[in-house]
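To keep things simple, chains are lettered A, B, C and D as they appear, and every chain counts its residues starting from 1.
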Amino acid sequence: MSLNTFGHLFRVTTWGESHGPAIGCTVDGCPPGVRLSEADIQPWLDRRKPGTSKFTTQRQEADEVRILSGVFEGQTTGTPIQLMIENTDQRSKDYGDIAQSFRPGHADITYYQKYGLRDHRGGGRSSARETASRVAAGGVARQVLAMLVPGLKITGYMVQMGAMEIDRSRFDAGEIERNPFWCPDAQAATDWASYLDELRLSHNSVGAVIEVVAEGVPAGLGAPLYGKLDSDLASAMMSINAVKGVEIGEGMAAAALTGVENADEIRMGPDGPEFLSNHAGGILGGISTGQPVVCRFAVKPTSSILTPRRTITRAGDQVDLITKGRHDPCVGIRAVPVGEAMMACVLLDHLLLDRGQTGGARGRIG
Amino acid sequence: MSLNTFGHLFRVTTWGESHGPAIGCTVDGCPPGVRLSEADIQPWLDRRKPGTSKFTTQRQEADEVRILSGVFEGQTTGTPIQLMIENTDQRSKDYGDIAQSFRPGHADITYYQKYGLRDHRGGGRSSARETASRVAAGGVARQVLAMLVPGLKITGYMVQMGAMEIDRSRFDAGEIERNPFWCPDAQAATDWASYLDELRLSHNSVGAVIEVVAEGVPAGLGAPLYGKLDSDLASAMMSINAVKGVEIGEGMAAAALTGVENADEIRMGPDGPEFLSNHAGGILGGISTGQPVVCRFAVKPTSSILTPRRTITRAGDQVDLITKGRHDPCVGIRAVPVGEAMMACVLLDHLLLDRGQTGGARGRIG
Amino acid sequence: MSLNTFGHLFRVTTWGESHGPAIGCTVDGCPPGVRLSEADIQPWLDRRKPGTSKFTTQRQEADEVRILSGVFEGQTTGTPIQLMIENTDQRSKDYGDIAQSFRPGHADITYYQKYGLRDHRGGGRSSARETASRVAAGGVARQVLAMLVPGLKITGYMVQMGAMEIDRSRFDAGEIERNPFWCPDAQAATDWASYLDELRLSHNSVGAVIEVVAEGVPAGLGAPLYGKLDSDLASAMMSINAVKGVEIGEGMAAAALTGVENADEIRMGPDGPEFLSNHAGGILGGISTGQPVVCRFAVKPTSSILTPRRTITRAGDQVDLITKGRHDPCVGIRAVPVGEAMMACVLLDHLLLDRGQTGGARGRIG
Amino acid sequence: MSLNTFGHLFRVTTWGESHGPAIGCTVDGCPPGVRLSEADIQPWLDRRKPGTSKFTTQRQEADEVRILSGVFEGQTTGTPIQLMIENTDQRSKDYGDIAQSFRPGHADITYYQKYGLRDHRGGGRSSARETASRVAAGGVARQVLAMLVPGLKITGYMVQMGAMEIDRSRFDAGEIERNPFWCPDAQAATDWASYLDELRLSHNSVGAVIEVVAEGVPAGLGAPLYGKLDSDLASAMMSINAVKGVEIGEGMAAAALTGVENADEIRMGPDGPEFLSNHAGGILGGISTGQPVVCRFAVKPTSSILTPRRTITRAGDQVDLITKGRHDPCVGIRAVPVGEAMMACVLLDHLLLDRGQTGGARGRIG
C-alpha cells in the first residue's frame, strides 16, 4: 500500500478532500469485458450517503458518480477507470473558526506537524467524505466479482455501538437493511437509536464495531506470509479513517482460546472438505479456506463534538474548543458500506493475484 | 506488501522454510554508513531462539546470522544486505506421519488447495521459524534507528495468556526480561507458568496478546490514508504467523468510548504540545503524534497439539490426528521479539518515507 | 511501473482516453508547501497542445487543466493532486469506418487480442492525447524541482526527423522555441518543414529522435542496479506511445567506442570533480554524476496515414485501409514536451528517493 | 522496479557484491508445481561463466548455484526460491591500489558521492558479477515458461562489436554456440577475434550490441502505456551494468522510416493474423503481437583498462590511473546470456500479469 494506492493487481488510487470541487479514484487493472455503468455503482454510494437519517451528518451530498474513462459501450476496457463524485455541499464557512486550533482526537495536529500546513475545511483529506471513493471502487470490484465468482456475497453490519453489542442469538440478516444502523438485531437497533439520540443531545459521540462477512470465497486466495489475505484485509480496514483495530475470525479473542477449542475440525462433505467451526474466520495461514471470511473492525467515536475540550492553537495558546459543523454522532454507521467495499476490493485483488500466480489450479482432496 | 516483501523504502524480502538448509532475508534500501556487524543482530535473534525455556519448542537452533552482502568494513554500503541463518536441527522424520493429513487449525489444507502440493516438514514456509528472518531484519532497522533517532526505544511484552491478563497497576518494565514470558507483571508470570505447565501436560496449547510500544517516535511519520502508519503496522503484525487481530491504542475498545472520553486533550509543555492521554496510541489520522506508539496483536493457540482432532487426509479419508513433533505450547511467547522487529522495520520505513517526501521539515507550534 | 502508475515516491497515475469526456492524472507523494496553481502547469500544456501549426493534428483542444485536489491556498498539501483536462473536440464520427478493421502499425489489433474489445475512437487509451496528462504531471514536478534544486533546467528538442539529423555545430538553444519542430538548428528546421509538407501531401508520415537534457542535476541520484536512474528513464521514455528506442549519453553508439575513448576523464575544478567529456550522459553505474543528464528516444512514424495499407477486419476479411481523421504527420514533434515532462518526473522521484535513503548526505571529494 | 527488485508478479530481488562471500537472488511469485533443480539452472550459468575463453575475464568462478528454499521434492512450492552462488576467486588484493582513486568511466565516483563510501573491491555491487544472479533467476523463468508456453524460445547473440556489425545475410543461428562471441555470422566472429586480440594487447576494450529474440510469445502480453511490455524490457535491459541504449524492433532506426514503410501489413494466415514484416519488433502499443519480440541493447566498453587515464583521488589529487585486475576486454560478450535471462523474466512476469487481469481470454479474429 503506497501513500494513496492500494491493491496489487486491482489497484485503487483515491484523491480529493472534503471541501474541494470533487473527490474520486482511479481503478487500475480491472479485467476487461465486465458490464459497468454508473447505475451499477450508484446504489452502493447511496447506502453510504450522508443525510439519510438523523443519525448521520446532515451534510447534503448527492454523491453522484461519473465514470470518466475505462468503459466503452457499457463494458470495461481493461484500462484505468476514473470515477468522480462532485462535492456539492461543502460550506467552508462552517469550519472557519477552527482553522487556528487543533481538534483533540483529530488528525489536525499531526497533519500540521508533518506537512507544515493543513486544509482545515472539514478535515481536508482526513474527512470521512473520502470513503465515498472507496465505495465507488468497491462497486466496480463487486461487478467483476459477480462475473468471476457468481456465488460470492459480501455483507456488512454493525455488531456493537458504544458498549452495547448485538445478541448473536437474535441475528437476522433480513433486519440489516431495515434500520439506520445496519444492525442485524432488531432489538439492539431500537436500543441504539435511543442511546444515540441521548448522545447527540449531550453533544457527544460514540464508537462502533463493524463486521464484514464474505460468503462463497473460493479456497486458495492469499499467500502464506506478508501477502496474506488477512494481512491485506487488516491494512485495508485500518486504512479507513478512525479505525483502531482489526480482527479476523476470533480476532483478539483467539488469545483466550486453547488449541483444542480453536482447531476447526474437518470432515468430508458431499462437495469436499467441510469445517465444523470457523474460529479461523475463513483464513488459515494467510489463505482462504472456502469458509466465510469474517473481518471486524472498530471505529473510534467522532472527534468533532460540541462538548468543549482542552487544546492548543497553532500559536501555542491553550484554549477550549467546540467543533461546530455537521458531524456523524457515530461515524461507524457509515463505515459499514465502506468496510464492504474494502472487502470487495481486497478479495478481487487476491482473486486476480492467485489467477496470475497459480492459474487458478487447485489441489484436489478426495 | 507483495507476496514476500514488505516496506516502501526500507524493504525486507524473506525466504526459507522450516526444514530447508537455511532461511534468511534481503534488506534493501538501508541507509549507507551505518555501523553493522553480526554482533549487532545476534542478540535480538537470541531472544527469539527456541529451546531457551521449557515453555518453548525444544528444537535446538543456534540461529547464527551471517551477513553475506551490503556491509563493507563494518558499515552498510546502501546496497542490499543479505542475512542468512542456517537450519541445523530440522529432523524431518518427526513429520513423516502427518504428510498425508491436514492438521486442523493449521495452514496445511489451504496450502495444498492453493498450490496443489505442500511442504509438510514442519509446516514449510508457514513455520514460526520464518520469524527469525524478521528479527534479523529488525536488528538492522534498530541499528539505523539508533543512529537517526537516538531516543527511540521499542519494548514488547505479553499482556495476556489465555484468558489471564496482566494487572496494569503492577506493570514493571524491569520484569520483562526476568521471566520466560516477557511479562511485565511478576505475579502474572508466576500464574502463567503454572497454567502453561498444566496445558502442556494436558496436550493443549493457548493463545496470547502481545503489546509493542515505541517511545521517542517523532511526530509526523505516516500518511493520512492508505499509507497510514497504523495501516502498515496492522499489515506488518497480521503478516506474522498465527496473528488474528491487531489494535492501535484503545483498539477494539475504542468502540465503547464516547467522543468526550476518547479525545486526547492537548496542552503546551516546555518542548511543545503535550497530550493528556493516549487513547490514540500515538497515531492520529495515520500520522504519529510524538506520543508512544502502542500496538497490540493476538496470537492464536498453536494448532499442533497432542490431543487428537478430527480431520481428513488428502485422499478424503476421515481420521483423528495427533500432531507429534516439537511445538510451542504458547507460540505467542516467541512472538514478542518478532513484534518488536516488525515495529522497528515499519518505523524506519516511515522515517525514510517521510524524509523523502517532506525532507523532515515540520510545522511549528508555538 | 505498474499498469498505469509510474514513480517510486513521486507517483503519477494517469487515466482517460482520446474520446472520453476527460483525461487526467493523480500525482501522489508530492512534497507539501510547494506553490502551485493551474497557471504554473498550463504553459507546459500549451506547448504540447495540438493544432498549433500545420505540422500537428488539426484537432482543436483547449487543454485546460484543472486542479481538483491536493492544493490549498495556493500550496501543495502533500496529499494527492488530481489534474483533469476535459476533451472538447472528440468528434467520434471520424473514426466510425475503421471500427471493424485493424490499422497496420497501430495498437488496434493487440488491444483487441488482449482485451477482447477495443475503443476504436481515436485509439482510445493508446492515443497520443494521453500524453497531456504526463505534461501536466511534469508541470507539478518542475514546480517542486524549482524549489528543491533551483539550478536544474530541462530542455528537450528534436535532433532528427526521418533520416535528416541536425548539424550539432549549428546547435543554438535559442532556436528551439522559434520553429514548430523544437529544433535547435535553424537550417534543419527549414529543411524539415519542406520535407514534412511533401510527406503530408503524399499521405505519409515520418519518425523522429528527441533529445532531452537536464542540467544542474545533483550527483548521487539513482541506484547501482535495477533502480538505476537510467533504467527508470528508459522505462519512462519507452512508456510514451510510439517510442521504439531509448539512449543515455552515447547510447547505441557506445558499442562502437573503445574503453580509451569512452572513459570520461576527471580533473578537479574549483567546485569539485569535473569531467572532461560526457560520453556517459551524466549517469555512471545508474547514479547521476553531476554532469548534464542526456537522454534520447526515437518515435516511430504515425501509423494512421491516408495511404492504403493491407490489413484484416475483426471478421478475418482482408482489406485495404486508409486511416481518415486528424493525425500528426510527425507525432515526434509533440513528444518533445512529453519527454521533458517524463524527465522532470523521474528526476524528482529520484531526488525524493535519495533524500529518503541517504538523507542527501554526500561523500566529499577533495 | 524498486532499488533491487524487478517484476510485478514474478519478482526477482538480487543481492551480493563482487568480493563478498556470495551473491544470489530471491525469486518470488513463481507458480507452484514446476519441476526445478540446480541442474535446470546450472547450464545457463555455465554459459555466462567467466574464464571460458581468452576473451573474457580470467577470474575463475565455479558459479555453482544452490537452491536454498522454495523447492520441495523437485517441484516449486509457490514460495520464495532462494538461489545462492558462492564467490570462490575474489582475490581482493588485486584492487588494493585503486581504493583511493576513481576509475574514469566507472561507477566508483558516483557510488562514493551518493553513499559517502564505496566497496572498491571489484566494483562491489556494480561488478558484472552480479549478473550471475540474473542468469540464475532467468533459469527459473525459463523452466516455468517451458511448462506454460512450450513453444517459446529465447535466443541472444551479438550483432555488433565495436564498429563491426554482422552481415544479416550470413545469419546462421547454428553458429551462435560455436564461437566465443555468441555471433550468428561465422565470418564476423573470425574478424572480431582478431580485433579483440589486438585490443587486449593495446590495453583497450570495446563495446557491443546484443540482440535478444523471443519466438512463440503469445499475442496479448503487456499493457497500453506505462506497464508496456517494451517499457519493462527497456527497464530490464537498462538495469544491466554498462548498458547505454535499448531498442525494440527498428529501435532508433524507426525515426528514419515513413509511415508507409513502417506499417507492418496484416493478412490472414491459416492460424490467424499474419504480419508481412516486423518493424514493430513484436510489440504494438505495448502489447505483444504474436510475432517474435526483438530487443537490442548496447553495452559500453569495459571501463577498467590498462591504459592510463586521467582522474582524481578521494583527497582531490589529480592522478593517472591504470586499472589492474582481471577484466573483460568486451564485457558485452557475457551480456548475451544476461539479456536472455532478463527477457525470460520479463516475459514470464507479463504472462502471469496478463493471466491475472484477463484470465488469458483473447479476442477472436476471423
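The rule is short, and it goes like this: a residue touches a chain if its C-beta (ideal position, glycine included) is under 8 Å from a C-beta of that chain, and two chains touch if they have at least 3 such contacts.
The model shown is predicted, which means the values in this text are computed figures rather than measured ones.
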Far-end chain from subunit A, centres as C-alpha averages: D
Of C-D and B-D, whichever chain pair has more C-beta contact pairs: C-D
Centre-of-Cα separation between subunit D and subunit A, whole angstrom: 45
Inter-centroid spacing, subunit D versus subunit C (mean Cα positions, whole Å): 26
Centre distance in Å when subunit B and subunit D are each reduced to the mean of their C-alpha atoms: 38
Contacts with 2+ other chains: residues of subunit B: 2-5, 14, 29, 32-33, 78-79, 114-118, 125, 224, 357-358, 361
Subunit A contact footprint on subunit C (complex, rising order): 2-5, 11, 13-17, 20-24, 26, 28-29, 32-33, 66, 68-70, 72-73, 75, 77-82, 114-119, 121, 124-125
Footprint of subunit C on subunit B - complex, ascending: 9, 29-33, 78-79, 224, 352-353, 355-359, 361
Residues of subunit D defined as touching subunit C within the complex: 1-6, 8, 14, 102, 104-107, 109-118, 125-126, 130, 160-163, 199, 204-209, 219-228, 230-235, 237-241, 243-268, 273, 276, 279-281, 283-290, 296, 298-305, 307, 309-312, 314-318, 332, 354, 357-358, 361-366
